[in-house]
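Next up: some structures, all given as structure tokens.
Both complexes below contain subunit A, partnered by subunit B and then by subunit C.
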Partner chain A sequence: MSVKKFVVGIFTDEQVLFPAVKRVRSAGYKIHDVYTPMPIHGLDDALGLRQTSLHTAGFIYGITGTTTALSCIGWIFNSDWPQNFGGKSHFDLPAWIPITFELTVLFSAVGMVLTFCYLCQIAPFVRKHHFNLRATDDQFTMVIECTEKSNEAEIAAFLGSVGAVGINTQIAETGWWLGRYDTELPPLGQKELV
Partner chain B sequence: MSLYAYESQARPALTTEEVKDYHQITEDIVRPIEASPSRLWWIGFLVSVVCLTIGVISVYTQVVYGVGQWNLNRTVGWGWDITNFVWWVGIGHAGTLISAILLLFRQGWRTGVNRAAEAMTIFAVMCAGQFPIWHMGRVWMAFFVMPYPNTRGALWPNFNSPLLWDVFAISTYFTVSLLFWYSGLIPDLATVRDRAKLKWRKLMYGVLSFGWSGSTKHWQRHEALSLVLAGLSTPLVLSVHTIVSFDFATSVIPGWHTTIFPPYFVAGAIFSGFAMVQTLLLVTRKVLKLEDYITLEHIEVMNKVIVLTGSIVGVAYLTELFIAWYGQNKFESWAFFQNRANIFSPLGWSYYIMMGCNVLSPQIFWFRKMRRNITVTFFMSIIVNVGMWFERFVIIVTSIYRDYLPSSWSTYYRPTVWEVGFYIGTFGLFFTCYFLFSKFFPVIAIHEIRHILKKSGDVYKEKMGEAEKETVDEFAHEYAHAH
Partner chain C sequence: MSSTKEYFVVPGRYKQWTYGLIGVGVLSLIIGFILYGGENHGTRFWAALLQNSVYFLLVVNAAMFFFTATTLAMGGWPLVFRRVTEAISASVIPLGIITFVILMCLVFGGHDAIYIWINKDVVAHDEILNGKKGFLNPTFFTVYTVLTIGLWIVLGWKMRQLSRSIDDTPLSVEESKKYIFTGTVWAAIYIVWFALTVASVVPWLWLMSINAHWFSTMYSWYTFASSFVAGMALISLFVVYFKNQGYLEFVNKEHLHDLGKFQFAFSIFWTYLWFDQFMLIWYANISEETIYFKSRFEGAYQGLFYLNLIINFLAPLLIFMSRGSKRNYATVTFMSVLLLFGHWLDFYQMVFAGPFPDHVPMNLFDFGIAAGFVGLIMWQTGRVFSKFPILAKNHPFLKESIIHHT
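Take a look at the complex of A and B:
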């Protein structure tokens, strides 16, 4: 949890946003994040983000489910309580396939969703600072982090030159905190530039 | 230009020319949530609650007096209860099919209907689950089906039994569908949260949207999550009705132990599920004024799925009949030619209702005009679900009501008022949930519609053509220079 200063640029068209992201990055400014109302394919590459490993996590959860099912049923039927079902084998693998499959899917899905929530730091009663309320509606919001050396006016002018339609500075909390959305935030500071 | 690269000009637009920009999409879909409910909504909701109350009373008396208040008898040990269970589970298949399988097949039209269909899936599975649970009789011991170390002499359930597979299949299906549905809802709930003016709405949607911000990294993970959940749900949705069919297929009852059951049940499930999606969405799009998002194209495509799966089911019926004759097994042929296909047998009529509703009537959808006719579609969606209910009734009851012992044939099975009340109650549960959903949640996936707007929206398709032409010209220009 830390409070930082940001310059916020608002875009209304993803066709403008893409080249803007490239130019802002090549000019050496540090993009904190870009908030969009829907997934935009290729924006993660343009921002230089690495691919997510969520799939790998899902695979690991899945095989955990497979081994849980097989080892539990195997132990129950062979060691804990070996019952005779009409003379069938105690190690009746084909009959275990359905439950093994279901547990594989269940572990994988539940594990992935929990991991997703953990990685994105989202949960009920989590509150974050939102730079632009229309970022979940129709606007694309580029947030540039200010350092001690940065010149806000220069960043704002640059954002204007690459097509931002609204520019402001905000002092904001970068992390999350426990809170509700119906309470007012203490004003940390916001200034309209354009 | 690269944004347009995937779209075919031959495909019809997925939103009408009325849908012009992202903000309008938000407005149109969030409007019903922010407006106070109409009188129609209240009437529907109250009727649903009354039905639900009937169900609660029926279940209450059943718990007090026991399963004996149902008309189950020898040899009909499974009657309306399991028929209704299979019927509801079947309906619960369309949602995940639309959201998962069509996602993997890159079918853009799923975006208009997936949210409501997934919600329908969850509610239908909730209804389905009621029947086996209350059928247990001593319902307070329902947890005995779960395997856990216990003090009852280490009594474990039988993992070789299809009935236990069902417990795992249905609970997994419910959980995964719920996670899939809700993870898709989070960004849309954040949209509602950020527009909210009222305090309670800010609080409620703030909690429900988990603090979603729309960060690029989060979207990247969200896309990965959706894709993998779709990949997991695809075999899952096929496995669930397969396992339900194992309840019958692994038995030795003539009429039940057929190897055709798994694919036949899955096709039937998709068939009835799509019919229920049609029933709900035709009303929803009209009442919530969402005709620009759930267009005639969507309805037509779903009718194509209905005629396809209906025909698959028809082929399965005929295959069963053929094998009953070709197999030359006396008991099998009795079950099919005396208990079912013989219209003069006590329950023979139900077989012909099934054939008429499921096989003959959907053939009307070979005609484009009929596929695009809303009245016909609505009427057919009801007919199909009546037919699919009778399919389960035929499979379950006609296979067991006249068995090997003719002295037990005299007991003609008909449901008691409590069995009917319980069934009505599940309708109440289903529609109560659906009405609440349509009031408090976005019934269309807002972010997915935004995502396809500039590729497949009617306003943008034309521009896309220009863009494609431009790049070809540029390409030719460069090519000429290179030589």
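Take a look at the complex of A and C:
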């Protein structure tokens, strides 16, 4: 967790946002993130993000579920409490399949939700800084991270030249914290309009 | 778009293959008739024809189902290869007529080793078949088969006609809305008829009545899932082939990915129905019901039974699960061929374990007949595909398909 300085550019059109992302990247600025009201196809490619490994995690949770179900039922019906169901053998795989299937789905679904929350760092009572509240409504927000060498005015001017309609600088906490937005630290950052 | 190739030209090698495969099919038909046509009312011969004709008819018809389902769902993404599905679905016309002739030969030619219910003496002394008489009789069978194949041909023709009707006339916004609405109306009519045929009555009549005493409520959906997976595999194969020949330049990995997803998803769906049908019967363990699985699960067809499950469930599950394999032309081609063969095997055990419960009579004859049908599909698809522009360029959803991103 650290406090950093960001230049925030606000866009109102995804047709402007796409070329802007490409030009900002090729100009060598470091894009912290782009916040959009809805999923935009192809934006992850334009941002150069790597493929998520969430599905690999899902597969691992899934086979964990399969293994859990099979070993659990196997143990119960063969050694812990063997019973006679209509003269069938104790090791009757077809009858186990529905439960195995359910546990596979359950494990992978719950596991993937939790992993997703962890990767995005979202949970009840966990707070993160909002660069632009209208990013959940109708505006696209591109956040550029400043380093010690960055020239804010130059970044802001560049953002203006690629079509941002609103530009501001924010000093913000990059990580998450517990508590409330209005009163508590970490600082919400001084917003200065450029 | 002026630089794109507007029409498909059937390559010489494609034609050679087509005629070669049809030749093999005709040769197999003649040899099969000489070898098997005489003995035991030609049951071996006619069962092979029944299995292959019904399987390949349902597979090409699945292309029209895919077309209408995406039309009805306002799906824009398959538009760049829509003409391929249209061309495949045109094969319903020759295959439908062939299947109809074969079914009529079976019902009116006295082949009661395959369809026991056509034998009036047996039905009269059989309480179960007597109870099913109102449904399982040659008249109903014929009428429903004529309606089925006839309406598939007519409604499919109408859908293709609608698609081609705007090739030369760019549409205004109002006209586009009207065009889309007309499309959904006809697609809905087709889907309703599809539900009344493939998803219910037709598999009962054509396939399930081979085991006339036995019934399963899963059977039609199981048949549908089988033919739909194979249908998607066939579409993928043709798309990859045409792409390879330098056509369909707007088709890219995104479209291939979705085609792969369809094969993967419906393979799982097929397994779900396969398992439901099996598990309920296995669990209840009532002899009237388990008779169907006697020769399949424990008898001569045991090998096929497990091979079926490996090819149609385990292979797609393990190979098609990852994103990369669905976006790879080689794996999609490989899996398409495998699944087409796998579901052909599935239909094989559905048909043959009825009249031949004690041994699997599979030999080159079956593959020869299958080759004939494959050749016929290739011939008709190539012919129809070359006749019309490759791109439905005036369709309102075309842009959505070109920029498709999964």
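By our rule, the second predicted complex is superposed on the first by the 180 of 194 C-alpha atoms of A that agree within 3 Å, B and C clash if a C-alpha of one lies under 4 Å from a C-alpha of the other, contacts with A are read in each partner's own complex, and residues count from 1 in each chain.
FYI, a residue touches a chain if its C-beta (ideal position, glycine included) is under 8 Å from a C-beta of that chain, and two chains touch if they have at least 3 such contacts.
Note that the structure is predicted; figures quoted are calculated from it, not measured.
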item: Contacts of A:151 with subunit B and subunit C, given as first, second, both or neither; value: neither
item: Subunit B versus subunit C as contact partner of A:78, first or second or both or neither; value: neither
item: Which of subunit B and subunit C A:49 touches, first, second, both or neither; value: first
item: Touched partner set for A:161, first subunit B, second subunit C, both or neither; value: neither
item: Which superposed partner A:95 touches (first subunit B, second subunit C, both, neither); value: both
item: Dominant toucher of subunit A (residue count), subunit B or subunit C; value: B
item: On subunit A, positions contacted by subunit B and by subunit C; value: 42, 51, 55, 88, 95, 98
item: Contacting residues of subunit C [partner subunit A, same complex]; value: 275, 278-279, 282-283, 285, 321, 323, 405
item: List of subunit A residues in touch with subunit C within their complex; value: 41-42, 51, 55, 59, 86, 88, 94-95, 97-98
item: Residue numbers on subunit A that touch subunit B, as the complex places them; value: 14-15, 33-40, 42-44, 47, 49, 51-52, 54-55, 58, 62, 72-73, 76-77, 80-81, 83, 85, 88, 92, 95-96, 98-99, 101-103, 105-106, 108-110, 112-113, 116-117, 119-128, 130, 133-138, 176, 180-182
item: Contact set on subunit B toward subunit A in their complex; value: 2-3, 21-23, 26, 147, 154-156, 158-160, 162, 164-165, 168-169, 172, 175-176, 179-180, 183, 186-187, 190-191, 193-196, 199-200, 202-203, 205-208, 210-225, 228-229, 232-233, 235-236, 239, 243, 246, 447-448, 450-451, 454
